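This is the structure, below, for whatever I ask next.
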């Protein structure tokens, strides 16, 4: 039982990170109907920013940790908006596959720029312990302060996003653009601004995710975004791509399942395959994901 | 004794989630008949077509073609049994030429396997040539042969609608379902369409079921008319009976339906 | 109507003549290979393998409109199986110093076909359940299957586990690769250019309308998937006997993406364009070799630039922008 | 109020609107009729900025419209009820109306406009909490018009409000369109296939064929034009 609870806590903290990244995928998909493959590199840039800023700060302080988090979110928000402006906006209205390939191009570009020895290089670097490190024991379940930070920050950010989407004028505009971009324009929504802000929000969440991930697996390197990014994407599809609660749910499920599988002696080497197996099983039963909308095709 | 029904719908019902789109509809279409299906938007007319063609499966009730129940058969199987249709929004294949649209449909009664397409023996070549000839004949009959090699979307709206009908005919159907063939046509084009449907009905000895908004087309063509409202059949009869049916007037035509008729 | 315009109807059909011609050319290049610079031979072999991969994926993604992201997975099945066959049988049949040209060629052909068929079977197993999904969902499921196949190979010790297979006999020559590329192009071309094959395009353009005309969309998609997987498997076998060592990591989703990029850049469903794109994208890293440090940066910038400038595909001149 | 000169719009190789010029005086209902594919919808979409014009100009209250983004055009008081209604199907009727007032910051004004919309279409008030996608075709059309009115436009473009509606409802919708024009002084540009009805409610009409204006004149005159009669009015 204790073992189970321990794995559950580990799983939730991993799942919370997947959820943060998945939200970015799902938000962009919601308004633009395309998979922003470069999102996993935005996540990587978030971790890199955290690493660069964290090294300059005194370690083990709450304020330092929060500064690192804020810096990563800010840099990523700007990066996301820049990518959208320079690359995706000119392609709006062309076939989604083209945008997808372009996104892959952006993803490769960010990876290779960071792999260049003058920028970062290929060698992994240790992520500084920016938050105070303390271990809590709750009835035999060990909880590190980093895990606690992950869960609390992720929960706050997700609640915040939910409030933005459902309680603000921007959120209403985002939903309108997602449902019908043309109609949204005809009621006066500045679609370019809404899309740019969507990218900013999604990318900021990925940036936070990058820092939180790097805190717990304490190295950074240019290819670190690939696997978590892919899994977060799986999480978004699992929950029903385009659905914000779906992305959160998908992330938590995936993180938990993966941790449990990784913890079992027989299956641990199949950890990466299990994530996809779960996804495939769920999609075969519910072709639009867990919380995705099932719309009968108009004939 | 009346001839047996080619198409028989018996208490057909379909629900999507909580919404009952079609509710306990009975409909019998005799061989060789030309029947119209009318009703306000959202009454379930297209859904009935989708049920007959296997796009949806009924939640309850049965559909039979010449006495054979159709439950569980997917659309391509129903096409093979002789049900062809057109669509409310024209659904031509964007990347195929006019001739290819028809050829693809001709393929139904001569299914070639992928292996044959690779080996290309004499018989395969002859078959291809024969189909091409048939497709060209059909296009010629409807005055579309001059567009043969053009992409379908370069055709005018009216020609696209007619091409869709030709394509459906190429499957050699027994029953043809036309979903709002007159949508988006002006009065002159509607007149031509009525003549065309009559011609098809006679020359191909087809049974035709027609969904239409234009009262002019329905009243000008159909021997019988069924009216749907909120998924239920509220009336059925000859055009004259339907025009004076109180329930139909209330639900669909409106009190001043005489002016409404002339408007369309 | 006079059938002057059409290809000759009697005797051997045109495509078959073209195939024989292409095979002769492949044989000729193979015979001359001793006089060609080995580096150029390597590049040419790479090009041939990529052409097979791109043309076969084009049948699935381009002609049939299904978005598969798992092509490298099928390639790995072919690579592993073909390599396993030759690794186990070659020493037993021919002893440690290899055999004469004839028997080894037969063994290699058998190994390739075994690899191709195994990949086709994998394609069938993956395709039947997942092809009812559409668009992005199909993409992610095929991606998932590709990753699962990689993980399975990583954990399967008899085939080398994560370290992969080494010492695969160097059977792949330029002649083999070009011949198979010709066969792949011929097969895809013939399939699509027949009344049967127009069904692929019809299913891509409008599945509902295609079904209403009696075409079985699932069947078409499955055929495309299985044929595509078969040639991916063949390409895998050729790759294994060219590189002589294979690891599961070499077939991950980056490789799948690489093939998808070729198809999209060439213009979906445009066979000639896809072949040219495969050639171009194989040559590009070679051309950029002198600036190795910036190679990937330039490659990705070019990719983005091309998509911005020619969104309809590099080699598509007929159609304007779609959608 | 709206003056269009030589407007040209195309997609790819196709020129859908080819040098269209028209004028809509303040307070009038002007109609644009023509067959399917004549370029009516394309004209409206170019005017509201959804499509970029290749050439020509459009001025609204003296200011140039071409080159502006759709939201800027809406902000100037040009409302557009698009073809196919384009309501936000997953939002409630209430949310759709609130979206319509997206640019209006004054809460009192929003509330007043809302009451006026309910006055025109009482049915919308009954369906306030219902998801817009579950409305009937006629109710969706009312919602689409209501949503456009919520932005407080000075000028309203209506694209085929009769499309796919039962004959009974077509009359009702057109009555409301006339009422909006009369009671609120709203200028209307109406695109319609149902030429007879469009000519009945409008004061001036343009006939579009293959992207060009082929006929124009006061609606009463066009109603009796023999060419128009045979092609669009059914003899």
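The first chain written gets the first letter, and so on, giving A, B, C and D; residue counts start at 1 in each chain.
Basically, a contact is a pair of C-beta atoms (placed from the backbone, for glycine too) under 8 Å apart; a residue touches a chain by one contact, two chains touch by 3 or more.
Since the model is a prediction, treat every value here as computed from it, not as a measurement.
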item: Farthest chain relative to chain D (centres taken as mean CA coordinates); value: C
item: Selected interface, B-D versus A-C, where C-beta contact pairs are more numerous; value: A-C
item: Between chain D and chain B, distance of the C-alpha-averaged centres to the nearest whole Å; value: 32
item: Whole-Å gap separating chain B and chain C, where each centre is the average of the chain's CA atoms; value: 42
item: Computed distance of Cα centres, chain D from chain A, in Å; value: 42
item: Multi-partner residues of chain B (at least 2 other chains); value: 55, 87
item: Sites on chain C at which at least two other chains make contact; value: 208, 321-322
item: Where chain D touches two or more other chains at once, by residue number; value: none
item: List of chain C residues in touch with chain A within their complex; value: 67, 129-130, 132-134, 136-137, 139-141, 143-145, 147-148, 151-152, 154-155, 208, 253, 257, 260-261, 264-265, 268, 293-297, 299-301, 303-304, 307-308, 311, 321-323
item: Complex contact set, residues of chain B against chain D; value: 19, 39-42, 156-158, 184-191, 213, 215-216, 251-257, 259-264
item: Contacting residues of chain A [partner chain C, same complex]; value: 29, 35, 87, 90-91, 93-95, 97-99, 101-102, 104-109, 111-113, 115-117, 230, 233-234, 237, 241, 269-270, 272-273, 276-277, 279-280, 283-284, 287-289, 297, 299
item: For the chain D and chain A complex, residues of the former touching the latter; value: 48-50, 69-71, 74-75, 79-80, 82, 86-91, 95, 98-100, 102-103, 147-148, 150-151
item: Chain B-touching residues of chain C, taken from the complex the two chains share; value: 1, 9, 13, 15-16, 187, 190-191, 194-199, 201-202, 204-206, 208-217, 223, 227, 269, 319, 322
